[in-house]
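Handing you this structure, nothing more for now.
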Amino acid sequence: MMETKEIGRQVIRELMGDAFLEAKDKTRNEFNAPIQEYAEDVCFGRVWAREGIDRKQRSILNVAMLTALNRPAQLRSHVEGALTNGCTVDELREILLQAAVYCGLPAALDAFRVAEEVLKARKLLD
Amino acid sequence: MMETKEIGRQVIRELMGDAFLEAKDKTRNEFNAPIQEYAEDVCFGRVWAREGIDRKQRSILNVAMLTALNRPAQLRSHVEGALTNGCTVDELREILLQAAVYCGLPAALDAFRVAEEVLKARKLLD
Amino acid sequence: MMETKEIGRQVIRELMGDAFLEAKDKTRNEFNAPIQEYAEDVCFGRVWAREGIDRKQRSILNVAMLTALNRPAQLRSHVEGALTNGCTVDELREILLQAAVYCGLPAALDAFRVAEEVLKARKLLD
Amino acid sequence: MMETKEIGRQVIRELMGDAFLEAKDKTRNEFNAPIQEYAEDVCFGRVWAREGIDRKQRSILNVAMLTALNRPAQLRSHVEGALTNGCTVDELREILLQAAVYCGLPAALDAFRVAEEVLKARKLLD
Amino acid sequence: MMETKEIGRQVIRELMGDAFLEAKDKTRNEFNAPIQEYAEDVCFGRVWAREGIDRKQRSILNVAMLTALNRPAQLRSHVEGALTNGCTVDELREILLQAAVYCGLPAALDAFRVAEEVLKARKLLD
Amino acid sequence: MMETKEIGRQVIRELMGDAFLEAKDKTRNEFNAPIQEYAEDVCFGRVWAREGIDRKQRSILNVAMLTALNRPAQLRSHVEGALTNGCTVDELREILLQAAVYCGLPAALDAFRVAEEVLKARKLLD
């Protein structure tokens, strides 16, 4: 049986790509090793690996929650992940527009800025 | 052409039921009228009424955002709405479990408590 | 020269009334004494006692900030204080409506509920 | 009758200047158009355009709320707007000092930094 | 080798008492089982069970973080836990007083209220 | 008797070093003077100078609270202060790992990044 940590690494690979995981592994050191393991094991191995909702849905939830939580660095990664998992540009816009109502306009404006940068880098927006 | 406020009232009716809207209308007074109109017109008439993502998805987004934002009264209404819009008990559990990772365990525990009360009232949980 | 703590107690008396301060003094014990002194000395004696903006403005700022910060117990006290300091019902409604845009609709709905209870208790709203 | 969106654009022009609105219009694309319209129509056309409190008061409320909400990019714009609407440097200092008590010292220190940059750019502070 | 979940349950037992864990187990149902396991396995089995800082320190950290996060139900449990782990009433007061400076006075006042209720129930305060 | 402001300046000197305080003094101007005095007098002179918990503990509390509050600039200063006050690299890691459970993984990842930069600048991490 595969361990949750290995399952988690596989989920990260599928979500963010091999290059992301390799780059992450190179930054690992004695200080940050436990949080990186926590991310792999708990976040991706125990929660993302579960069934019940699919990966696109998990990505969409994160885009919404990270907008509310004011965490732009993580938001960027999960906008990337959402697009990889099949979230369309139209869906992304609707999610962030809805965040304007519930999290407030400033939260939405900050999130749109992050999302636009990702979309432009991927040539999904001029 | 129907006005956004009327469109919004129709969305609320479908999401929360006639009884909810009637009860809401009875609480309307000169002080709260503008925020009730804002909810009907902006929130439901302009945003919820849009296409691009369906109502179940909008409800799910709200469950996630309201957990992050620490707003239990609104969370309760939108757990209700999510169930009305076809969100299953299994999906609800997965959404809140994912919130544990991103919003922290205390946010998730508070949200599970609210969701359990709704599920028990609807006989969806013993 | 009056000490900042005494100045602060005077400000509280003017803002919340003698009865409030007396009730507060009766709840004082060895555990909470330092935070009560902090409130009197720092909050009211050092900051509220300053010139530059008047008391009505300070009350209004607090209504806005406490809505954003999700602190309903304090919000209630400062809605009381705002009304005492000359904030009208119309102004209060505008402040909270603006909070809907910037803090999100759920924050505003929670704040309207608190404000309505205060207004009804004061017979300023039916 | 002027539409709320046009009213909102007029408010933005008065608050932030023609150059701001022109620059904003140039960044408009198919992705961000709905949030820009939401800002114009809902935020400025429906809420800022209301009577009951004046523009200086609305700016001041935003400075307080954006400090509490931890949104420095928006805070910068509304410090600009507050100064345009007649808020003095002394008033601005008092608002942010009061935020130290209610939102915590770190929130106030971050807000003072943003405000200082705006004041220096406008030659209102050495 | 004991599994992390069993280790976690042992930590909860030591921190909150047998009665707490038994009561918790009785509330377990198909909906909340995964979050209860997450609490036992991830929170207590993987993190609380680690060395590097002792349990009193972990309790103290939680009192501070839960005050900042505005989560009174969890705060209550961890004030209980802190006292069980050797945190004194004097230390508790200092922690919450420091929170007044960094999280703001309203956060501290809410936390003092929760702590006072726990202290009175334990006859540690008149 | 030394005034609280002078006591506070002495605490800052011991916590952050003479160079920090001198640099701070040079940035003082008519706008920010009251918040700098508030920091010296209230934060360091009235709260940090108290007995009941030691400075290492106060630093550790701040690292936890500033992670929860999402204030990276202040977090950096207090990671510095924590190391000065005897917090070890192992302890710092445990504090931030615990924050992952309670504040959420994104808060912890942002805090680890800040802490890593401080540790590398001090040659405490390769």
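In this document, chain identifiers A, B, C, D, E and F correspond to the written order of the chains, with residue numbering beginning at 1 in each.
Simple rule for what comes next: a residue touches a chain if its C-beta (ideal position, glycine included) is under 8 Å from a C-beta of that chain, and two chains touch if they have at least 3 such contacts.
Predicted model, so just to flag it, every value in this text is computed and none were measured.
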{"item": "Partner chains shared by chain B and chain D (touch criterion as defined above)", "value": "A, C, E, F"}
{"item": "Interface with more contacting C-beta pairs, comparing C-E to C-F", "value": "C-E"}
{"item": "Per Cα centroids, the chain farthest from chain A", "value": "C"}
{"item": "Reference chain F; chain at largest CA-centroid distance", "value": "B"}
{"item": "Inter-centroid spacing, chain D versus chain A (mean Cα positions, whole Å)", "value": "30"}
{"item": "Chain centre separation (chain A, chain C; CA means) in Å", "value": "40"}
{"item": "Chain E: positions in contact with at least two other chains", "value": "38, 42-43, 66, 69-70, 93, 97, 100-107"}
{"item": "Pairwise touch network: line, ring, star, complete, or other", "value": "complete"}
{"item": "In the complex with chain F, residue positions of chain E that touch it", "value": "42-43, 47-48, 50, 52-53, 57-58, 60-62, 64-69, 90-91, 93-95, 97-103"}
{"item": "Chain C to chain E touching residues, read off their complex", "value": "29-32, 34-35, 38-39, 42-43, 66, 69-71, 73-74"}
{"item": "Complex contacts: residues of chain E adjacent to chain A", "value": "38, 42, 46"}
{"item": "Residue ranges of chain C touching chain B (in the complex, touch as defined)", "value": "70, 89, 92-93, 96-97, 100, 104-110, 112-113, 115-116, 119, 125-126"}
{"item": "Residues of chain A defined as touching chain C within the complex", "value": "101-107"}
